[in-house]
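Order of writing sets the chain letters: A, B, C and D. Residues in each chain are counted from 1.
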Amino acid sequence: MFTLRVERVVRHSERISTLYFSKPILAYPGQFIMLNVFGYEEIPLSLSSPRSVTVKAVGETTEKIVSFEGGEVVGVRGPFGNPFSPTSGRALIIAGGIGVAPLAFLHDFLKRCGAEIRVVYGVKNSDELALVERFDNVQIATEDGSAGVRGTVLDLLEDMELNEYDKIYACGPEGMVRALLGFLKERGAVERAELSLERYMRCGIGVCGSCVIENGLRVCADGPVFSGKQLV
Amino acid sequence: MFTLRVERVVRHSERISTLYFSKPILAYPGQFIMLNVFGYEEIPLSLSSPRSVTVKAVGETTEKIVSFEGGEVVGVRGPFGNPFSPTSGRALIIAGGIGVAPLAFLHDFLKRCGAEIRVVYGVKNSDELALVERFDNVQIATEDGSAGVRGTVLDLLEDMELNEYDKIYACGPEGMVRALLGFLKERGAVERAELSLERYMRCGIGVCGSCVIENGLRVCADGPVFSGKQLV
Amino acid sequence: MPEALKVSVAGIEMRNPLMLASGVMGSSSASLNRLSEHAGAVVTKSVGLEPVEGYRNPAVINYSHGLINAVGLASPGAKAFAEELKDYAFYSPLIVSLFAHTPEEFAELVSYFEFADGFELNLSCPHAKNVGLAVGSDPELVREIVREVKRATRRPVFAKLSPNVSDIVEIGKAAEEGGADGIVAINTLKGMKIDIFAKRPILSNVSGGVSGEGIKPVAVKCVWDLYEELSIPIIGSGGVTSWKDVIEFMLAGARAVQIGSALFYSNRIFYSLKESLIAYTRMTGERLEDIVGAAHRA
Amino acid sequence: MPEALKVSVAGIEMRNPLMLASGVMGSSSASLNRLSEHAGAVVTKSVGLEPVEGYRNPAVINYSHGLINAVGLASPGAKAFAEELKDYAFYSPLIVSLFAHTPEEFAELVSYFEFADGFELNLSCPHAKNVGLAVGSDPELVREIVREVKRATRRPVFAKLSPNVSDIVEIGKAAEEGGADGIVAINTLKGMKIDIFAKRPILSNVSGGVSGEGIKPVAVKCVWDLYEELSIPIIGSGGVTSWKDVIEFMLAGARAVQIGSALFYSNRIFYSLKESLIAYTRMTGERLEDIVGAAHRA
């Protein structure tokens, strides 16, 4: 573990903040860190850039983090995990909810690779949107219609020609990932897809077994980014 | 520790043998190994080439080693210690007794450096001579006159012009080294000298303190090769 | 599967001496199934009668020479865990690890896992209250626990011991007297790490158990001493990372070894160790069972 | 010499908290003089009443994570060693380490070394017969030994404890009750290494004591536990290699640390650690004495 200072906090909404650290972390998009909020708990968080995490309040520790104001010192282990593999071709990014965090980092990275990128981004309602300004070409879906089209990312994907894309990247809640996998399989696109999963984690380094998925692989060490093939 | 097989043994005399190992050791002249004779003891031995040690029987363990016939498996730790620093100029090598072992290795090394080498080699009597054939230009002194001139290496050095030599290398029994140091100092040559010392050793890696000399340095880790300056 | 790697431990036939250690990747049938494809046997994460939440994160950290953990025996409890293990595919034998406060509780636990090939009694967890080491450092209690469990099952029962005692052999003998079919040595050493910038212990529980390569010499010595004094088989555990470590433990007297922290390097480690051991036995012409304890006879 | 590094341990004023550990480079005044130029204090190799030859080589070996030694308390005996120490130049305080079988022998030993600044009682050597750990694992005996030595000298007396016991705090309390001025924790852990090609233990004594970086978490935990329960100062020992280790031990409760195995890396280590600690205190503005035990208050 090492310690970092939170230099600046951007509050996207009541429940979502981005924390910028005083120093960048040498990491690739899709990798995560174990962030230790002293006196609370250590939790896994995907990097939304080499020097930031974007966090949604869903429990005691994340509520604390979202309310940070800058100046706090946190413990960091990592970066850990398997990153997205980049492309310089055509890329489709599919974000669901706070799953947008690693995908914003990926978007920056793919731009530097010269990729042509399209983003579809679904949330329950417009309060949950974050980092939208990081994307050049983005379509939004909200379940309540408070922004973009009413519906889910799957509605946005329905009319797309997936064969146009060299790579399809996704991250989002478990339900979305499951539905998306079915959809991609049906469209014959699962082999070009990489999906980042979220699970409860203890160690982050592949030994405790708390984040093992159905196929016996570990989200922390074999993932969090898996190829579509590994998941179907 | 690793294990090596003794491939071949050359018996120079009743009390001196050279053991050739099945594999060379990556080492420089002046370095030593800790050789473990299973069931006996582990002892420090200077390498007489990258794949050999030359041993004189002085106790139970060395007597055992000298009587090896080949095929024995021994434990080896090392190589350890500070080697001689080479020259491509004019070199004087001064050997006393079994101190000839590391100097034979040095001789080979200096030849490859293109050095011009002269060797003086003193022993009590001709039975103690070993590795003489390794030297191109060697003068021998024996205390009993059984080979070469009667006397010691100091007698051979007496008439030499030490200023001719860029480097002076020596290894031998404690008494010889002490006398030699005084002689070199008197002749103003001590700054160009490097001397290899022998002491009882336990660990070989600089922690136990059993080989500490008068100035507080460790023969195993700070030596066995010391500059003349370190010793006066 | 090469004959040279096969070992038999208290009647459990293993294709190789490589067992998954308890507490590592052993909470779900999904991971046990994957690892058991190449392991000689797998040991589950320890389970008690009731669900235990365990300690907050950080609960597992690594340092330069191994891991330190204080997971706190987190477990869903015997009933739910038995349900989870229904999906175990038995590619290799299944040992269920148990923790409890009393001999009676240990014996009760067994009844939930009648499908297991054997049981390991966790008498050695250094960071849980009233269980683990708290019961495993009293020879009388250890003898009684083993005896009760042996009454409750016909499967082999192994006692996993702690090095955090004055005399591990005394505890091992007590387990043997109680009827244990084997000893597993060792569990983790008590230890901790402090972050010097935050100026506080890193683990939420302050301290935990040290495992991994750094403690291997301690584990080898425990196996050596137990082998000298006991007749029942010994399973070595503590820092096994390379095939050389497997051989070292076997020479010290272990019939099998457990692998835990090394999963940190790869979850294919059972495959790669197995392949290395095949190469070793081809080179030397040995059967692994024949070298058990060989260093005592040198 | 910067004020920020000074520590006082039981009345012994040290220019920095870096002590030479017993058993390392401490057999001769020549090496003690050299190391004491930068060390805060030096502890000699342990000495008994009579000369002891010790074990045959190999007596000290290294493994990937530290050292394993079984020197067997080799020593020239009290009389000859007192003579050897006459040449000590006292660039920093001198602590003489003692081993013996009985309280009376310990007390007698003290009389040979009236010039010392303090004494360390070796109650913890894991590989010598009838002394060391053999006497140091019995709280009653530890209390009695310390009491006898305190009667025999007005110098500070430190008890060096072993981690090879069920409860190091119990032994620490016994030493405190006996009047010890401080505790040194820890001595080495029992361990061994087997050469897999020779198929035999490498150390001539079969097993020895493990020291070095691999055991640091174990040592930090012992210091932490002792600090929680005792009032007398604690000196940390076990794997100190970098300046970060020094700070970690001090945060755990150590007023000073001992350095042994790290001499393997350099015999200039006292100089380099001291310089690093100066840089650390300049950066943080702290005095080292003020951070002793700070992690307990986080």
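Everything that follows uses one rule, which is that contacts are C-beta pairs under 8 Å (C-beta built on N, C-alpha and C of every residue); 3 or more make two chains touch, one makes a residue touch a chain.
Being a predicted model, the structure only gives us computed values, none of them experimental.
Peer 1: Along touching chains only, what is the step distance from chain B to chain C?
Peer 2: Graph distance in the chain contact network comes out at 2.
Peer 1: Name the chain whose C-alpha centroid is most distant from the C-alpha centroid of chain D.
Peer 2: Farthest from chain D by mean C-alpha position: A.
Peer 1: Go ahead and note the Å separation of the Cα centroids belonging to chain A and chain B.
Peer 2: Centre-to-centre distance between chain A and chain B: 65 Å.
Peer 1: Centroid of chain B to centroid of chain D, CA atoms only: how many Å?
Peer 2: Here the centre of chain D sits 37 Å away from the centre of chain B.
Peer 1: Between chain A and chain D, what distance separates the C-alpha centroids? Give it in angstrom.
Peer 2: Each chain reduced to its C-alpha mean, chain A and chain D end up 51 Å apart.
Peer 1: Counting only residues that touch at least two other chains, what does the list for chain B look like?
Peer 2: 38
Peer 1: Among all residues of chain C, which ones touch two or more of the remaining chains?
Peer 2: Each of 198, 200, 298 in chain C touches at least two other chains.
Peer 1: If you connect every pair of chains that touch, what shape comes out? Choose line, ring, star, complete or other.
Peer 2: line
Peer 1: Touching pairs of chains, which are they?
Peer 2: Pairs of chains that touch one another: A-C, B-D, C-D.
Peer 1: Contact residues on chain C for chain A in the complex?
Peer 2: Touching chain A: residues 23-28, 30-35, 45, 56-62, 67, 69, 71, 74, 195, 197-198, 200, 202, 204, 260-261, 263-264, 267 of chain C.
Peer 1: What residues of chain D sit close enough to touch chain C in their complex?
Peer 2: So the residues of chain D touching chain C come out as 63-66, 68, 137, 164-166, 189-194, 196, 198-201, 206-207, 210, 213-218, 220-221, 224, 244, 247-248, 251-252, 291, 294-295, 298.
Peer 1: Which stretch or stretches of chain B touch chain D in the complex?
Peer 2: Touch residues, chain B against chain D: 1-3, 34, 36, 38, 41-43, 73, 75, 77, 201-210, 212-218, 221-222.
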